[in-house]
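Shared between the two complexes below is subunit A, which pairs with subunit B and subunit C, respectively.
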Partner chain A sequence: MNYVADVRALARKDLLLELRARDTLPAMLLFVVATFVVFHFSLPAHSSQLAASGLLWVAIVFTALLGLGRAFVPEREQHVLDGLVLAPCDRSAIWLAKGIATFAFLGAAEVVALPVFALFFHGIGIATVAAVVLADVGICAVGTFLGAMAVATRARDLLLPLLFLPLAIPIVVGGVGASVVSSPGRYIWFLALYDVVFGVLCWATFEYVVTE
Partner chain B sequence: MGRSYRIPLPALAAASLALVTLALVLVFYVAPNDASQGFSQRIFYFHVSIALTAYACFGAGAWKALRHLWKRDPRADLESYVAVHQGVIFGSLVLLTGSIWAKISWGHWWLWSEDELVLFLVLFLFYAAYFMLRFSVDPGPQRANFSAVYALFGVVLIPVSFLAIRIAKSFVHPQVFTLHGPNFGGWMLVTYCVAQIAMLVFAHTLYRVELVGKRIDARLRELRLG
Partner chain C sequence: MIRARKLGKRFGDKRVLRGLDFDLAPGGFAVVTGPNGCGKTTLLRICAGLAVPSEGTIDVDAPRAAIGYLAHDPLVYRELTALENLDLYGRLYRVPERRERIGMLLERFGLWDARHQRVASYSRGMTQRLALCRVLLHGPELLVLDEPYSALDAAGAELLDAQLDELHGDKTLLVSTHDPGRVAPFATAQIALA
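Take a look at the complex of A and B:
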């Protein structure tokens, strides 16, 4: 299908750029590990394991923000977006491809971050891993969308966290819930619901973000 | 400027003044004291009606945003912005009245166990970012599109956040206003309905006043440039 080919080509471009330039992923990795070290010293001795589980989600959201802030920088600096908008493809393909690339970076960062968290703090269950994957989908869908908007404004990098954090609160609720309760089912479902609802909304409205 | 079937603004202003006065009289002199919460429960007539009015404003903002994106209605962008602006004003009042009630009932200005307060805090942060976004883009079609899309995100965020806060909390909200409960009937119901209508009419009046002002501003700017 044409749409799939467009998305694949665009996502491949982003992954290839990262593979050659390597400016986002190492930064995310270093950031998330440094955050864990800061968290270790910000948790007083004998504080519960639950607190550390909560902080894991803070680290994930902020690491994602770091990656999302970079997502549209090449497009802005080299005026790639103008070319993409002129290309005869569906505009939502731009969002989907960028989302997939960001998901790949975030996932790669977490493949390192979650074992490091387990090493520094405490073990992680399968429910937490499932919640992280679902949360990543939501973070990348909404974050990429807002990143495309923020990059076109005067405030740029300043604006993305302000736009993103209120929308990330439900993700944090679902993620922390899935990590700390004994029956995490409904939190996992909630994250899936969030992904579907906001995924569809972003997909349907992205066209208006990149066109005048 | 206004369409012919619209209620004239002075009439609307007079109606909202009369309704708000009536609501105040009913709330303070007619409605009976709540059996368990006493006099302080009366703030709920305003708290709840202001909250629903704020939702109505956000909903109207999103509806106008949809009209902008879908039908390319040239007036919808400004209307959407003004509705969201009114929503933020009423939303701040929800935070204020909720805090007062929490202080009187539990001795704390802020309670995380209070669903609606937390939800309005999230919405307040979200819509404050709406203004940051809007005023960070030059006026024009792009600003209108960004604002409209973000306003649509808002109405989707309301139920999602509500669900999130519900499943996140540990205490149970005291359900004073279950509309079918035995503690809600007669004059209480009448008072609540009047307060609700008064707030909606008041919000609509403010919306129309702000819209007229903004349109005159825009027209003046056009004349100066032209």
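Take a look at the complex of A and C:
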């Protein structure tokens, strides 16, 4: 119960910080909508649905990257991460709470982004929505972990994309697959498996990322 | 409470601590002095558990929940109010009667009227007072204070004097300062770094 209370307190703090500073969500929204507008005008007329589905996933991954790059900025500014690391709570609670907050921001951006995509390109099926939700879980799990790793370095702005994008390739493969095939079951399961494997790995090893 | 033997720390080629031995008994008050860059902050971070030594050993006989660490930075969120920051730490440290304890500390350090203001609007001295509230919130047995008088005005420094007077003998304190005379009445040991 203490663990859940710690996660709740930390996630509530992240949501409150975003409510106050409005640093992350507006930037993600603007970015994803602007990306779709650019894609809309850059794709040749009569392009296939397959190409448009690929662009959806490119936009999602880079929008997430934008949010992940901001995730640990409040902790970095005042070295607050030291204060959280010293607290007697399980350190994985910091990761889980940050992941939940990032998931909320990404989900909020997608609530706007998916209808905009449908407006500019083609309709979105339930399989794509399920794939987006599962992909968000994986993106936030891995991205938050790598964000904490990158924030301790001087090359943080460079390091996060370099570490995150290779690990996001399976998510893009699963997401595009689920969006374009007629029976997307195995791609959905693939994304769920990715979430479980990487979620457990990140949860179990986060302590080593935030301690010297 | 703390036992260090042949303690050393290096960052790449740069060595900031070398062969340091000291003991700090429970209830002791050690003052860490030395010029800029001699490793005072590094030593305090090692004692707080935020850094590991490159050489030697250190035994700190206090769990994380019993350590209060005052850093150069206040370790509070600028976009949250004083009350929200202390409430977060109070929850994480499972402070009993959290609200009463927070209220008492904010009153004591003269921040009660500013409790609903965001820390971003605080002066440096007010932020340092809030950092002291954060450190004392969970009633730690071991207090590791890095330049606690930094940015405090005369009234704030007197408040801290009174607080240290109340704590010394009962709690264990490791305090780094450029003004050892200020804490001389409480000190039981001095660690002079070169």
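Of note:
To be clear about the criterion, the second predicted complex is superposed on the first by the 212 of 212 C-alpha atoms of A that agree within 3 Å, B and C clash if a C-alpha of one lies under 4 Å from a C-alpha of the other, contacts with A are read in each partner's own complex, and residues count from 1 in each chain.
Note that a residue touches a chain if its C-beta (ideal position, glycine included) is under 8 Å from a C-beta of that chain, and two chains touch if they have at least 3 such contacts.
Predicted model only: the values in this text are computed from it and were never measured.
Contacts of A:Lys13 after superposition: subunit C is touched, whereas subunit B is not reached.
In the superposition on chain A, A:Ala87 makes contact with subunit C only, while subunit B stays out of contact range. Within the superposed three-chain model, A:Leu201 lies in touch with subunit B and out of touch with subunit C [touch as defined at top].
Legend: residue contacts after superposition of the two complexes on their common chain; A:Leu167 is shown touching subunit B, with no touch to subunit C.
When the two complexes are superposed, the chain touching more residues of subunit A, out of subunit B and subunit C, is B. In the superposed pair of complexes, A:Ala104 makes contact with neither subunit B nor subunit C. In the superposition on chain A, contact of A:Leu68 is made with neither subunit B nor subunit C.
Put simply, subunit A uses residues 212 to touch subunit B in one complex and subunit C in the other. Of all residues in subunit A, only 149-150, 152-155, 159, 162-163, 165-167, 169-170, 173-174, 176-177, 186-187, 190, 193-194, 197-198, 201, 205, 208-209, 211-212 touch subunit B in the complex they form. Those residues of subunit B that touch subunit A in the complex are listed here as 69, 122-123, 125-126, 128-129, 132-133, 136-137, 140-142, 145-146, 148-150, 152-153, 156-157, 160-161, 163-165, 167-168. The part of subunit C that touches subunit A in the complex is made up of residues 48-52, 63-65, 67, 69, 71, 73-80, 84, 88-89, 91-94, 118, 134. Every residue of subunit A that touches subunit C in the complex is listed here, in rising order: 2, 5-6, 9-10, 13, 16-17, 20-21, 74, 77-80, 82-89, 212.
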